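Mind looking over this structure? Questions follow.
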């Protein structure tokens, strides 16, 4: 195990004291050290939001993209260099409002990328607007009389779209969160870890206390089998999405890049780019 | 019942002979006449694709927008004038590739708009490219060795995202299709009707014959209860989405506009826009 | 006593500094003073330093001075970051609870105030802001009564107890001031005329302008510095029968308002650069289908995410020329908060009269800076809904895109009998159906591209003349500081602003460029955007000069005055 | 015998007219003729008329003549729509199976050919295209052997039986021609030199250029007229270890290639106007993060969906000035299919040398028109990957955005030890971390905006001089027809093209504008986009004139010649 500190770049995060995002940053660092990922082989990509700042606090390669597009960028990096461990991270607005389509398409594409949602059910950075994950009745400056739209349940939607690894976590359950992310990173295919991460400044409903009262820990449920799709779906419906741990994993499906490139092929970024004259001519001849 | 012909503008569709989209156009016209919708109160909005041309063949108000955005436009029109019957229509690429996010957000928003997907599991207009609804292994010019990505199952994803009316149809099952769309239009809230509509020119797999062999008609299943969410979900999983009829309907949830505007309120587009001096002053006074 | 005064209040971001400043400005405005504000904040929620500079006086000004006479420091950083802004006779008042364990030049005058102490003594450290506000008021000569009513107003939703506690704080502050701060009497403001005026920022005025113009639908996605437009209308519209929606992204927003506007409702969205880039395709659809829409672009520092909380005017040229293909649009550039109100009303009229997208181009300083404003007169601008198809006039077949003399065709709103038609983003014929014939294409392009041409003849440049041969020309919030510099300069030059940049008022501009020897275009961007636009249309490269700034901050008086030096 | 010949083949869209034309062109190219093609098709899949005009000759030309000598009509519409294009000595050959029940001017010469009949007799109406191809070949003097090998090639994946059937059709056609068409010997082409050359369209050459440049990743979304780039690379890349992905939309496409390119792989996307508009935000991110990307924009008629199958050059100015905020980019405009190949290779080099987005701006005519091309030499352009950080050089701390003399900083690719850094679309310091200080902002803006300045000194305008004082200047496929007009004109003017529009080669342009009395800029758009760009940068309004066309069709020879008339 490498040192946790090795993954910290010593920049003080600009999050509010108590923000749930701190624990996720720490969890990521612990995961990296547990898996002994060389710093230069780790890539953290993030979107825009308070959450999006997370990539800037990792002593790894890191890319802070634009709002909602962490996944296209992360998938591009992975396709480019499959030898990197690629983590995408972003807020609930980032991934389920403006970026929803990318999230669902990344799920189907099943590249070996781990996506961590820093889910506070609100837009933190814009100073507290309703998110598509906010509950009905949630009041913010954009829904002063309460939100009227059904919240998206990330777990159920991901599962129904054929995800091969689904985990959930809670900022305050560090050990479980770390374990879940470790498994997600090890999973060969796309993995999503939805982390309940309270916004202490703007979300006065979904607080640490609230989550402690409502979350069910799946790893404490002996009968739970994350290989069982139907069980996973039922559990998500039963708990209204409020459960943590590894919810579902399908180890049978090969990841996209494995299907596109032979296992021993070199990463795209490391290939010899010269085209032999013969090769070129044989292509040209198809145009004659 | 008004005359079906009243809803036809006598323009010959530019679809290939045998294209599934013809039946959907006809079904829409029959629905309009069954429900006796005055032509000027009917609004058909479409996206871009072979499918997108449907709005141009209706003798109603019609708006042929841009690729993937039929739903935002349609919802804007409905919000603007709730007295119109608003139908959005588009292809599988339109609604599940570029427009996927809008589709899922329209579902949550639950405005009283009916969305008809002209689903041929391929991009027709661009001359046959793979769609997110194409099966694994599907070969086109963009996936010459076969698609590797899991297809989206529109029904399951819609259901898991909290849709209040879900129907499916098949171009060749006219009567069922008409019945389903009638119910969808009558539903007070967002309704999605996913119609299997063969592309005879480019999709040589999912042909009329193929659908006849694979589709299950739900209205012939006596035990099927479309009010039962769990039953609907199970049926979709069991048939891998290949079933037709009304799959699910939740009549309990009020539509968005009903919650935003009192039932007897005038449509936005018909309101008096003058602001009284007193009213204005009372607002200004909050800035003192 | 002072006719005007610049002061800076700074503290830890998220601890109420800004809201204290705003309450103070409100109190001052209601007493008849004019205030203007400039903010310095970072793109984080809590922590870090944030500061607000306020200019208050009995005359209206749209700038703050480069130096301040008073600094109120609620944290150490405020002292460190801003002491150099202090004028030679200036004073820093700081919360006595601070340690200030760093060196400052000796000449800096530092006075401790028991800001936290008094708050604590009265019950809660949280009331530090009330305490600070009390101190500033006492120094400026605002009576305890006046502050008390401001505080009552501020906390009116918080209940009796909180209000009373705050009043106690104020009482103690004023008592302390009475006893200990007599020597700072010189800081007092000259009494004003007691005309109570509203305090607003640009985004507020835009929201009210929209409401007054009959806008009844907004679809929007939050973004700094535009969110307040959506927030205000989320409160206001439902009370007037309208609907405000926060939607999934800016693409949905623009397409939704196209739908709503096509449906007959005056509709808008508000965004900033990144959202605007995402809207480009939808804007083209509005252009092609001749659907009226109003888009507020509150500019911030780009490119990309850039500096989201910093000022810039760099979206102009992208809007002027941007989008794939060619379509007409209109760009309005208000220069004051009042102007934001009227320009917004005008935007809705222009959109429906010319049936095209209209941009209200604001900038961060304009959108977020509070100003004391003169009374707004909503009836100054009459609602004009443009050409609408009237059913049952016994006309021939309705043609949505009828070729007319003025290139504008009557719109039929859905629901109107007799007005059935097709609308498409494809090239279309007069009836609205797709048509790819070259002749039709030419006609339709000509129609669309020419319809806004009459606006080129408008007088859209307002000049304050001193009969000089050099003109300083600007737009947006940049105008205020130029006006300021000219007002205090000994040899002021001519100066002015342009309030509609697209279509460019070429007739008037040509006259101006003929008349002046030099025109210096002042703008907050790198590539001289307004200058480039004018040059591309009219030439005069040798007469047109540029003063640009692109470091995230607005021009200072001094920068303008220095530039003037080169032209006198 | 003819040194060159223009002919038009038309029929029902979707029934193989285009592919027949392409086979014919391939056959001609392999015999040493140069062909050039112009297409007329509609935005529907089957039905409607579609036509292909082919110019074939022993000299290379990049245009088709306005009039054609031969029309081969496989449907009635072809006769109706195109008979007016026939030259005075021209002939329409039509399928005898057509009814032609409409009136035509008497002078039109109509000859029936048993096209369908012979196909049917040999087994299937479907082989009508082979039959038509046989007839045209016979008329042009191509031997049965040569056509046979072309047909074998065309149907090589369809199996023996089909090939044999088609060969029978050909045999019968040639026999019929032998017996009945002797009098049309005059239509024969002069024999060519038998150098077999490839036939390609711009999109093919772009794909090959990308492959040769070392592009190993494309993420793209289908759109006319750009899809072939993705389609070609979907076949080619996997064979060279690369990856091609059709993704969910253009926003995903541009962001994915930003990721891939940041990751160290040469990456691209290809789109047209609507997709480009959607990419604007991502393009700004590439600009801000200094990530090299290559974007092909195959322009079509805008705005909005416009005329998706018609030609235009109207995205230029939006690309030149567009996007929110300000960032550098490069725009290359190839003028021939060969040029598409080299310009694409160059684009990848420029992207990595200057670390910014590079646009390869094509247009529908360029992207989709087949041309006989001269041999491509991939080694003419060496791959240059720009400044890359080399690990373990004992350097000090790595700074991704180090301020350097040439404003370009070495890139460290992820995976490189010692090169760890942060990348953000926020304004950042040399290390890459967010930074909002005014001084840093100025430095970083200057660095980014100035780094491409050296390119302004390039010679990017190629002029064909006749020592005249009027220059016709154009870009993209428009150049070909100008060249054509000048070549046949009695008093040709100087003419040329510009191959890189951004940064504008201002040094060279200034010399040109000084030298010529008049510069006529010829472009397919409404608002004189290239002219506007040049005027905005350099002035010379009185010298710069515009010839524009925006009806969806490219310029004809005659239009250019008419315009020339005004300048001689």
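The letters A, B, C and D name the chains in turn, as written, and every chain counts its residues from 1.
By definition in this document, a contact is a pair of C-beta atoms (placed from the backbone, for glycine too) under 8 Å apart; a residue touches a chain by one contact, two chains touch by 3 or more.
None of the values given here were measured: they were computed from a predicted structure.
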Most remote chain w.r.t. Subunit B, using mean C-alpha positions, is C
Higher number of C-beta pairs in contact (A-D or B-D) found for A-D
Separation of the C-alpha centres, subunit B versus subunit C, in whole Å, is 41
Whole-angstrom distance, CA centroid of subunit B to CA centroid of subunit D, is 37
Dist(centroid_CA(subunit A), centroid_CA(subunit B)) in Å evaluates to 31
Residues of subunit A that touch at least two other chains are 48, 66, 97-98, 100-101, 105, 109, 132, 260
Among subunit C residues, those touching two or more other chains are 42-43, 238, 248-249, 251, 274, 281, 285, 289, 304-305, 424-426, 434
Contacts from subunit C onto subunit B in the complex sit at residues 26, 29-30, 196-200, 204, 208, 211-214, 216-217, 219, 236, 238, 240-243, 245, 247-249, 251-267, 281-282, 285, 289, 375-376, 378-379, 383, 413-426, 433-434
Touching subunit D in the complex, subunit A uses residues 9, 11, 38-41, 43, 45, 48, 55-56, 59-66, 69, 72-81, 83-84, 101-102, 105, 109, 257, 260-261, 265-266, 268-271, 273-275, 277, 280, 283-285, 287-288
In their shared complex, subunit A is touched by residues of subunit C numbered 14, 42-48, 221-224, 227, 230-231, 234-235, 238, 244, 246, 248-250, 274, 304-305
Contacts from subunit D onto subunit C in the complex sit at residues 42-43, 251, 272-274, 276-278, 280-281, 284-285, 287-289, 299, 301-310, 312, 314-315, 317-318, 320-327, 424-427, 434, 436, 438-439, 441-442, 445, 449, 525-527, 532-533, 535-536, 538-539, 541, 550-553
As the complex stands, subunit A meets subunit C at residues 14-17, 48, 50, 66-68, 97-98, 100, 123-127, 129-130, 132, 141-145, 201
